[in-house]
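Per-chain residue numbering starts at 1, and chain names A, B, C and D are given in the order in which the chains are listed.
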Amino acid sequence: MMGKSRLEAFSDGVLAIIITIMVLEMKVPPGPEFSTLVPLLPVFLSYVLSFVYIGIYWNNHHHMLHTLAHVNGRILWANLHLLFWLSLFPLATGWMGQNHFAQGPTALYGGVLLMAAIAYGLLQRAIIVSQGRDSLLARAVGGDLKGKLSPVLYAVAILATFVAAWLAQALYVLVALLWLVPDRRIERLLAQP
Amino acid sequence: MMGKSRLEAFSDGVLAIIITIMVLEMKVPPGPEFSTLVPLLPVFLSYVLSFVYIGIYWNNHHHMLHTLAHVNGRILWANLHLLFWLSLFPLATGWMGQNHFAQGPTALYGGVLLMAAIAYGLLQRAIIVSQGRDSLLARAVGGDLKGKLSPVLYAVAILATFVAAWLAQALYVLVALLWLVPDRRIERLLAQP
Amino acid sequence: MMGKSRLEAFSDGVLAIIITIMVLEMKVPPGPEFSTLVPLLPVFLSYVLSFVYIGIYWNNHHHMLHTLAHVNGRILWANLHLLFWLSLFPLATGWMGQNHFAQGPTALYGGVLLMAAIAYGLLQRAIIVSQGRDSLLARAVGGDLKGKLSPVLYAVAILATFVAAWLAQALYVLVALLWLVPDRRIERLLAQP
Amino acid sequence: MMGKSRLEAFSDGVLAIIITIMVLEMKVPPGPEFSTLVPLLPVFLSYVLSFVYIGIYWNNHHHMLHTLAHVNGRILWANLHLLFWLSLFPLATGWMGQNHFAQGPTALYGGVLLMAAIAYGLLQRAIIVSQGRDSLLARAVGGDLKGKLSPVLYAVAILATFVAAWLAQALYVLVALLWLVPDRRIERLLAQP
């Protein structure tokens, strides 16, 4: 049993790097005219979406680990597993942006979102198991509708790319909006005496 | 309500990465002669300016969060919003430097400065709201002349690029000099018994 | 004699960056078709292997330093020496992946694994020396079979590349699996009263 | 007056990134043969030298800040000034390595070393001023022979590049060896009752 401070520090480091190196996919345009920025626009939009997603993960990770006192091996690896999928964001983001939100890259982006959501769920379960079914986190997430709905919506979005890529993108934005409010369930419980 | 340590750690990480990856825009020159360094000079100068700006933001962020005890969702997102605009510094810096401070890139650089200044103001307001109008920070920033003047000067600078790019650059340097002194107002108040 | 917090923070930072910049070796593919992802597959597989290895090092580093109260110069440098070899992971991983696990790159990858394992052993020894033969860590690692076996297996794997590269790769995966369980010996001892 | 924890965290972050992105200057070689590694050898050697230098700076920074209780604006900026010059290490290292330790790049590398040494001295002075002439650090550094000798040796090395580049490189290695022992003066004083 060990403290969680290094787990948080390491996760913060990885998330900070992921969120920042995504910006490197926006290559400095060759000329000084504003028109050279136009091809960057889809890359910029995909960057904004991914920035928001990493921000959501950081916020929720922040909240979830707040309830955690000790880490064990399973939690350490569940956390690394989550970081692995999040580390693919720069690649998926760059591919989607540089190909103007084409079908294939949009589907791959959804795949990364899906795997990250599953990994987050596994980490949440690992923490609940280590704390007992009666723990603060277990009560806080409760039925965990958002947590269960998100992977389903990502899967639907991936299938939707066969119809139209923009359908999938709209779903990605929708799920992001659903999560933009940080996990107030935990905040609320913590505020109770 | 949660502690601010992870907010600080994450922000420090992102700022440390931004300030460091800007240096990657200065590509290693192809030959061993000093003359191959000459084209790097404008990139170097824009790097120095951006390094100072990120340093200013880190210092003031450091001071502002010092007065903060608890973070809420609004503060978390206001902080991420600030980091988003700061994350565009490497791109804006590289574009301005590689095009020898041409008009368009100089205006875009000003746009990033302007958005970051607005985001900083929003974060400051979010913190003051969470602490109450009577808080340490609220009293410390007072009329906040510098905070209100900076966005105006950036906007003026953007317009000035239509006249001459160097006018805008001079304004960017001027505002940086204004801020180079860290926010002594907070230091002074904290030093009071 | 100084605290270990900055040693941990610096190591976490370096490991977080190493694990994240490896992903930059997977260049965004040029076209939007899934077929353009195929050449990335070996790079992806080598990325997964290296991600797991860095994760193992981080976990075990985490556990080992947990038993440490004070750092001295020897520990500081033994730690930097370990980080040096780990910092070569992105290069070795990229070379192995981009050459489809060819013989030479596979051998070099093993060389980096071997040097990192030796460096980890030296760091462990430096900590035990500083704490005395009777310390918690000394008792926890005991005969340290895994620690002694790993470099041998890496050396065997390097030689095995002369026969077939996949033999070496199988050994790399095997050693990773051996280590995937975090060092429960220390956990167990710490759990004792 | 504020605590030093964020100053340490930010500096650790920047130093961790600098030490790690230098490895990106060693581009993955195009082919799978060991012969393709040969052109990397000078880049590797310059990487080793710079890794050791950043390690020395991190260690000494670690020791120096250990004696520090509070930071003021001057210390914050002296620290950023030091980080600025250290941030040029990847560029100077890459240029020197990729040009096989030619005269010009060797001189520039010395220039970066010289400026970093001066910046370190300024930071040391800022800390001593803030603590008073009688402080722990003031007594610990005493005459500070190494600190005064290093910039002189760097300057000599830069001049020596006009005779032969290897002379300068030998001096860089020599100064690194002088510093490789962490600042035991401070360790010794701290160990006193």
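Throughout what follows, contacts are C-beta pairs under 8 Å (C-beta built on N, C-alpha and C of every residue); 3 or more make two chains touch, one makes a residue touch a chain.
The structure displayed is predicted, hence computed values, not measured ones.
Farthest chain from subunit A, judged by C-alpha centroids: D.
Copies subunit A and subunit C of the same chain sequence form an interface built mainly from non-equivalent positions, shared numbers / all numbers used being under half. Centres computed as Cα averages put subunit B at a distance of 37 Å from subunit C.
Centre-to-centre, using mean CA coordinates, subunit A is 26 Å away from subunit B.
Along subunit A, residues 9, 13, 16-17, 21, 24 each make contact with two or more other chains.
Taken together, the subunit A residues at the contact with subunit C in this complex read 1-2, 6, 9-10, 13-14, 16-18, 21, 24-25, 72-73, 76-77, 80, 83-84, 87-88, 90-91, 94-95, 98-99, 102-105, 108.
Here subunit C touches subunit A in the complex through residues 8-9, 12-13, 15-17, 19-21, 23-24, 26, 28-29, 31-34, 37, 48, 51, 55, 58-59, 62-63, 66, 180-182, 184, 187, 190-191, going by the rule given at the top.
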